[in-house]
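Chain nomenclature is as follows: A, B, C, D, E and F, assigned in order of appearance, with residue numbering initiated at 1 for each chain independently.
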Amino acid sequence: MFSVTVRDHIMIAHSFSGEVFGPAQKLHGATFVVDATFKRPELDADNIVVDIGRASEQLHTICGSLSFRNLDDEGEFAGVNTSTEFLAKVIADRLAGKAESGDLGVGARGLTGIAVTLHESHIAWASYERHL
Amino acid sequence: MFSVTVRDHIMIAHSFSGEVFGPAQKLHGATFVVDATFKRPELDADNIVVDIGRASEQLHTICGSLSFRNLDDEGEFAGVNTSTEFLAKVIADRLAGKAESGDLGVGARGLTGIAVTLHESHIAWASYERHL
Amino acid sequence: MFSVTVRDHIMIAHSFSGEVFGPAQKLHGATFVVDATFKRPELDADNIVVDIGRASEQLHTICGSLSFRNLDDEGEFAGVNTSTEFLAKVIADRLAGKAESGDLGVGARGLTGIAVTLHESHIAWASYERHL
Amino acid sequence: MFSVTVRDHIMIAHSFSGEVFGPAQKLHGATFVVDATFKRPELDADNIVVDIGRASEQLHTICGSLSFRNLDDEGEFAGVNTSTEFLAKVIADRLAGKAESGDLGVGARGLTGIAVTLHESHIAWASYERHL
Amino acid sequence: MFSVTVRDHIMIAHSFSGEVFGPAQKLHGATFVVDATFKRPELDADNIVVDIGRASEQLHTICGSLSFRNLDDEGEFAGVNTSTEFLAKVIADRLAGKAESGDLGVGARGLTGIAVTLHESHIAWASYERHL
Amino acid sequence: MFSVTVRDHIMIAHSFSGEVFGPAQKLHGATFVVDATFKRPELDADNIVVDIGRASEQLHTICGSLSFRNLDDEGEFAGVNTSTEFLAKVIADRLAGKAESGDLGVGARGLTGIAVTLHESHIAWASYERHL
């Protein structure tokens, strides 16, 4: 199995509901360094997994749609705990949509999996991995 | 599949038996930066993999039980080569016990896997991964 | 010149005033990985720069007084752009106070300088350095 | 499952054919930081995955056979796009050969998988994983 | 003293003249991860060292003028060993020009120093630091 | 000012005397990732700070003379707390000796400073800097 990973980041504010979150129930924020991994069993005709330029651009577009916001005020996340693991899935699912729509290039239709890791600090990170 | 990882570290002395270890047969030591990963296919009711506060605390407790020791003098490791890969399993198994006993919280009973990576330097690390 | 550095982190929400900040004028957030460096020309009687346990504790206390907050709502920062470089100075000045008050131990009175670096992402960080 | 990883690097020049590569169609170069991972379900008689000294040496030999070259001029890569993902496979396959020939030690015959990751920058890397 | 650092990278081919360079006398290549640091004793009216957006853009422009090239073929480097330390100075001097010309914003005229570090691998890097 | 840094590491056992060290008074150990920085105001005739091959070799030799040992048993460190900051000075002074003896090459006589940083974990490191 082959994979290619590109890195970007988002900076957001949010808060959590539930005693388990302790002080993070208050409005705070995070930088999430975002690693997006694209997987496939064989390389394409250009000998690559995905057009890395397009992959970076599409990831940057998705990050731009989340960054510099208070996620508590975004309608799509109303009443949702936007945990690191949950946001990893949000980004992975959006990238999957980009792969299926052709925004990652024609060759990207050979992708079989996507994984996204969000680093919230030097001592904690979370991932979500899915099939395509 | 979702995962959450937390990082801690231990500082220990030890020696190895066996020609394969070369100069590491002599008493020496290591800092192991410890990454503990918790996995599950679906998030819990709070939209998380595990209570990250509890996960960090339990990992810290386990690290505390190993750190600032000469492992050659610990009865539980008598006659055992405490290699990086072996210690990864020791920590993973102890975390599995914490998950099963409820020390990681009730939600943690939905965990299906644990992986532990120990970084022994900037150029070498080892992992152990198991089911729950 | 000798130095010792310890690392911690804070997670905060804030916004900025001024066109120069572009999208960061909106409420957003950041994880700041905080590196605090203590300097002195000669080691103390224990052959160290500072009691690293106390230095870590005091840095953790300072980080705790800033983390999991919306800095826009903190009276001490009213009308202030809490930029990364500004927050580096806030933390450095508080550590300087700890050194002078004896909270870092008696030996810490030999410290001659403090530097603090805040990493806001994998591609940007800021520092402030001062004398004691 | 256990694994051990060792890190080395290569510095090469190359160019790519195909519009998808944009400016990388011109002769340029890269440092690839190479992580080689060895996997097996059980440890050997010495309580290790592989003799880490031998693993590092063999990886270094393979890196030496690729580094400080213009890959466009190497007969074995004639007409091939030596992408990061492709080079990950080249190194993984050579390590697999070393495992099978006994160059990684007798114990290494218990290895069941090899994965190689090449980091081309702080924001992009690629991997190839195979069975033994 | 305050500072802000932004990171980018270049990927180039080159070769060196002189026995001291050993195998690096052959055409090879490198990824240089570039850290550009801007320094000043006091913050500007916006409470910052430099407009970090502009600083990143200008660094990206400079990196773009060097990247995806064989430096041996660039007239400006004819007969010059484009060592890591030399390239750090090239980038620092170009950034100094940007600061002086106003391309980093009006506030950047308060900058008093620039430092540039180029990381050529996980085990080697070089820096150049100058006044403004 | 120019600088070049190379990285290596040592793995040692040791213990400390003094209440300030808490649990580290017991025999334990550490991996120290060692960064050695060489400084000079102008580049040499080859356009470099130092022959990086020789610098790496000499640092490796020095690391080899310290690594895989219990420092408590080394005569030269009898009765000495081999703290991270102290060991940074030991390595810096030995590198200074190499520079002066010509072991770093004739060009290295133009070096004006050496700094050594020892990373003891992901959250703590220490440095020593001196003139030549």
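Some notes on this structure:
Assume a contact is a pair of C-beta atoms (placed from the backbone, for glycine too) under 8 Å apart; a residue touches a chain by one contact, two chains touch by 3 or more.
Note that the coordinates shown come from a computational prediction; the quantities given were computed from them, not determined experimentally.
Put simply, chain A has to spin 180° for its C-alpha atoms to lie on chain E, with the angle rounded to a multiple of 5.
Where chain B touches chain F, over half of the residue numbers in use are shared by the two copies, so each contributes mostly the same positions. Repeating the C-F interface, with the same residue numbers in over half of the contact pairs, is the pair E-F out of A-C, B-F or E-F. Work out the mean CA point of chain B and of chain D, and you get 27 Å between them.
With centres defined as mean CA coordinates, chain C is found 30 Å away from chain B.
Separating the CA-averaged centres of chain B and chain E is a span of 40 Å.
Counting partner chains per residue, chain E shows two or more touched chains at residues 7, 122-123. Residues 7, 9, 11-14, 23-24, 26-33, 67-70, 120-123 of chain F touch chain B in their complex. Within the complex, the chain E residues that touch chain C are 1-8, 43, 46-49, 51-53, 56, 105, 107.
Chain A makes touch with chain B in their complex at residues 16, 18, 20-22, 80-86, 88-89, 122-130.
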